[in-house]
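So, here come the structures, one by one.
What follows is a pair of complexes built around chain A, which joins chain B in one and chain C in the other.
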Partner chain A sequence: MKALFARLGAVFFALSEQVGGLAIFTGGVARRLFPPRLDRFETLRNFYKVGVKSLPIVAVTAAFAGATAVIQSGMYVVKFRAYEVVGWAFGYAVFREIGPLLIGLMFSGRVGANNTAELGTMTVTEQVDALRALAIDPIAYLVLPRVLAMVVMMTLLNAIGNLFAFFGGVLTAKYLVGVDHWVFWNSFIEYIRLADFMNGMVKATSFGLAIGLVSCYFGLAVRGGATGVGRAVNASVVASAVGIFVLDYFMTYLLK
Partner chain B sequence: MIRVEGVHKSFGGVPVLSDVSFEVPTGGTLALVGPGGAGKSLLLKLICGLLKPDAGRVFIDDAEVSALGETALMPIRGRIGMIFQNYALFDYMNVGANVGFPLAQLGTVSSSEVRERVARRLADVNLPNIEHLMPRELSGGMKKRVCLARATIHEPPIMLCDDPTAGLDPVSTNRIFRLLKRLQQDNGATALIVSHEVEYLRPLCDQVVMISRGRVVHRGGWDARANDEAAQFLSGEGVA
Partner chain C sequence: MSIEFLDIHKAFGTNKVLDGVTLTVEKGQIVFIIGKSGAGKSVLVKHLVGLIQQDAGRILFEGEDITHYTEREFFALRKRCAMVFQHSTLFDSMTLLENVALPIRKHKGLSHGDSLAAARDKLALVQMHEMAARFPADIGDGLRKRVAIARALTLDPEYVVFDEPTTGLDPVSAVRVDRLIRQMSDDTGVTSIVVSHDLRSIFGIADRIVMLYQGRIRLDGTPADFRGSDDPVVHQFVNGLPEGPMEL
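And then the complex of A and B:
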């Protein structure tokens, strides 16, 4: 029993250390925003790496998410012959929930993990110490451009992903469910409001911020060589996924 | 001037440095020697302010480095050129960008001047026309020399060199020490050099501090007959 409490206590302290560390880190990043001093090369490099290189995987994820949403709703659409709601069902589910959530998870797995590994490797190979020794603030130089790139690109990728999801949805509705694309389009235009689209966009922005902060924090907190980098990547992906779901819960409630 | 006063540092309750004190006068050159794991690299990081001591004080000129925060340390670090044991080159930048990085970050030097000074410094370290290469394309000796070029391109008045010849062949070792001597003499810099290469350090450094098991066992000139352990190490026989 004593051992159990000791283990629970250790887990609690470890968790508190991570949450506290992340909060202090977030405060540090926020402080560097006034005034922001972004390195142009580092910022552009990250925008390209985070955004352009993620586009194919996001497009595929979004197209299949849209198609899946149509297949799921299609069963009931056909059963109740409610063809005029298939566009609405698709748009409501994908734009508000499935799109940002799946793109966020994909983004976390691809970009967040990569970012933690890169910063972690820089930490264990003393590249971060070298920056500090050259009088460069690693938060301003390494973290700010990455977080900014993830916030902006996650938002843009979500918008582009919505477009691909729409095409995936239209094609699936036409060829698998048997709903003409004009019916789908009319239903979509009729019922989906700008607020539905913006709801997902706000979520995507917040997911990008969470992934950026979490992945940078775990990357710079790496200790202990290659094994430490592996552990940090693992912790970063798990923490980002948990963060995405927790944020999604609260934002769904607040933006309902 | 670099002054270390009664510095203690432990990790996980294990003392690594105990009551370490020494001073390097302005323009002086000090060799920091000792067996592996003695705490020499750690001392350089404490001097640069990358780590804080548990007790004791570290001064660079009149500034107490050990008591300053990151922001206040920036101008002091801007006067230091540090060579890392494992090169610490930025692996996503080519050699030119790595070497020119300290100047480019100043924001006051034009890009053409940065390019010019990078080319000159790379020629100084005997690596002309390799600006376009990536660090992964370089040998260990070349990486060390690129690291040396990056650490000295802004002509810092203080140089901290952490084992600048570790793992290098005798020819490269000789070349690096000759370069260090020339750069130090050209700039009149205060230099602290960590190395095991006693025979190369002897003509380069005025003073030597030997650390063993986290403690200073010799401080002063190269003649260390009063201390068996130091005498053995400084004669080039090493310490078990």
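And then the complex of A and C:
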């Protein structure tokens, strides 16, 4: 029993250390925004790496997410002959929930993990200390452009993903469910409001911020060589996923 | 003008690494800090540029107490006191030219093109300008070390800390790096603090040698003082003897 409490205590302290560390780190990043001290080259490089290179995987994920939402709702649409709601069901589910959630998880796995590994490797090979020794602030030079790129690109990718999800949904509705694309379109345009789209966009922005901060924090906090980098990547992906679901819960409640 | 380490103490957990080190480095010298692996040589010099914070003691940089400097205050000092790390620490994602251009672009207010041109000049000083477009992973340790030295010199520092500059290099590359340190000191009057246990380098270019042992300074003197020392620990180290009083 004593050992169990000791173990629980150790887990609690480790968790508190990570949460506290992340809070201090977030404060440090926020402080560098006034005035913003962004390195133009590093920012552009990250926008390209984070955004352009993620586009194919996001497009595929979103198209299949849209298609899946139509297949799921299609069973009931056909059963109740409620063809006029298929576009709404798709839009409501994908724009508000499935789209940002799946793209966020995909983004975390691809971009967040890569970012933690890159910063972690720079930390254990003393490249981060080398930056400090060159009088270059690692938070301003490495972290700020990455977080900004992830916030902006996650938002943009969500918007583009919505478009691909729409095409995935339209094609699936026509060829698998038997709903004409005009019926799908009319249902979509009739019932889906800008607020539904914006709801998902706000979620995507917050997911991008969470992934950016978490992946950078775990990358710079790495200790212990290659093993430490592996552990940090693992912790970063898990923490980002948990963060995405927790944020999704609260934002769904607040933006309902 | 000088750098003064006053009664520096540092421990990592229960491992006491520095146990009251007091040392003054005069301007213009090449000072070697020597000792066996784990003696605290790198730890001591990293205090100077604020990469490690001491547990106790003070550091004076040209008379100014930097003991409680913040990270931001250290930035100004690091422009005057550069550091070359043991493993070169060039940035993997950049070419050699971009590595050297980075501090120029960040601190000298030059355009991208001008900073690259200035970086090419710095690379030429270490005979690396013809490899400017290569990436760090494409060249050997000795060449990487030369680029790291070029990068450290970009801001024209008055002091340069070298952390084991010749460790892991072949003899030819090591001699070239030694010559570069000597030449830099002679041409520009830069003060060099060199952490090393490479006896050939130590007796080749040092003006002064400081030996750390068990967290304290064991001997502080010229190369001749070290060669003539009758201290059994110094004698064992200087002669590279496997048997003797030196603890593992």
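Please note the rule applied: the second predicted complex is superposed on the first by the 256 of 256 C-alpha atoms of A that agree within 3 Å, B and C clash if a C-alpha of one lies under 4 Å from a C-alpha of the other, contacts with A are read in each partner's own complex, and residues count from 1 in each chain.
In this section, a residue touches a chain if its C-beta (ideal position, glycine included) is under 8 Å from a C-beta of that chain, and two chains touch if they have at least 3 such contacts.
Predicted, not measured: the structure shown is a model, and the values here were computed from it.
Applying the stated clash criterion after superposition on chain A shows that chain B and chain C collide.
Once the two complexes are laid over each other on the shared chain, residue contacts for A:126 go to chain B and to chain C alike. Using the contact criterion defined above for the overlaid structures, shared-chain residue A:135 touches chain B and also reaches chain C. For the contact definition in use here, the residues of chain A common to its chain B contact set and its chain C contact set are 39, 45, 121-122, 125-127, 129-130, 132-137. Chain A contributes residues 39, 41, 45, 121-122, 125-127, 129-130, 132-137, 141 to its touches with chain C in the complex.
Within the complex formed with chain A, the residues of chain C that make contact are 49-51, 71, 74-76, 78-79, 82-83, 85, 87, 89-93, 102-103, 106-107, 112, 151, 155. Put simply, chain B touches chain A in their complex at residues 45, 48, 50, 70, 73-75, 77-78, 80, 82, 84-86, 88-92, 101-102, 105. Interface of chain A with chain B (complex): residues 39, 45, 121-122, 125-127, 129-130, 132-137.
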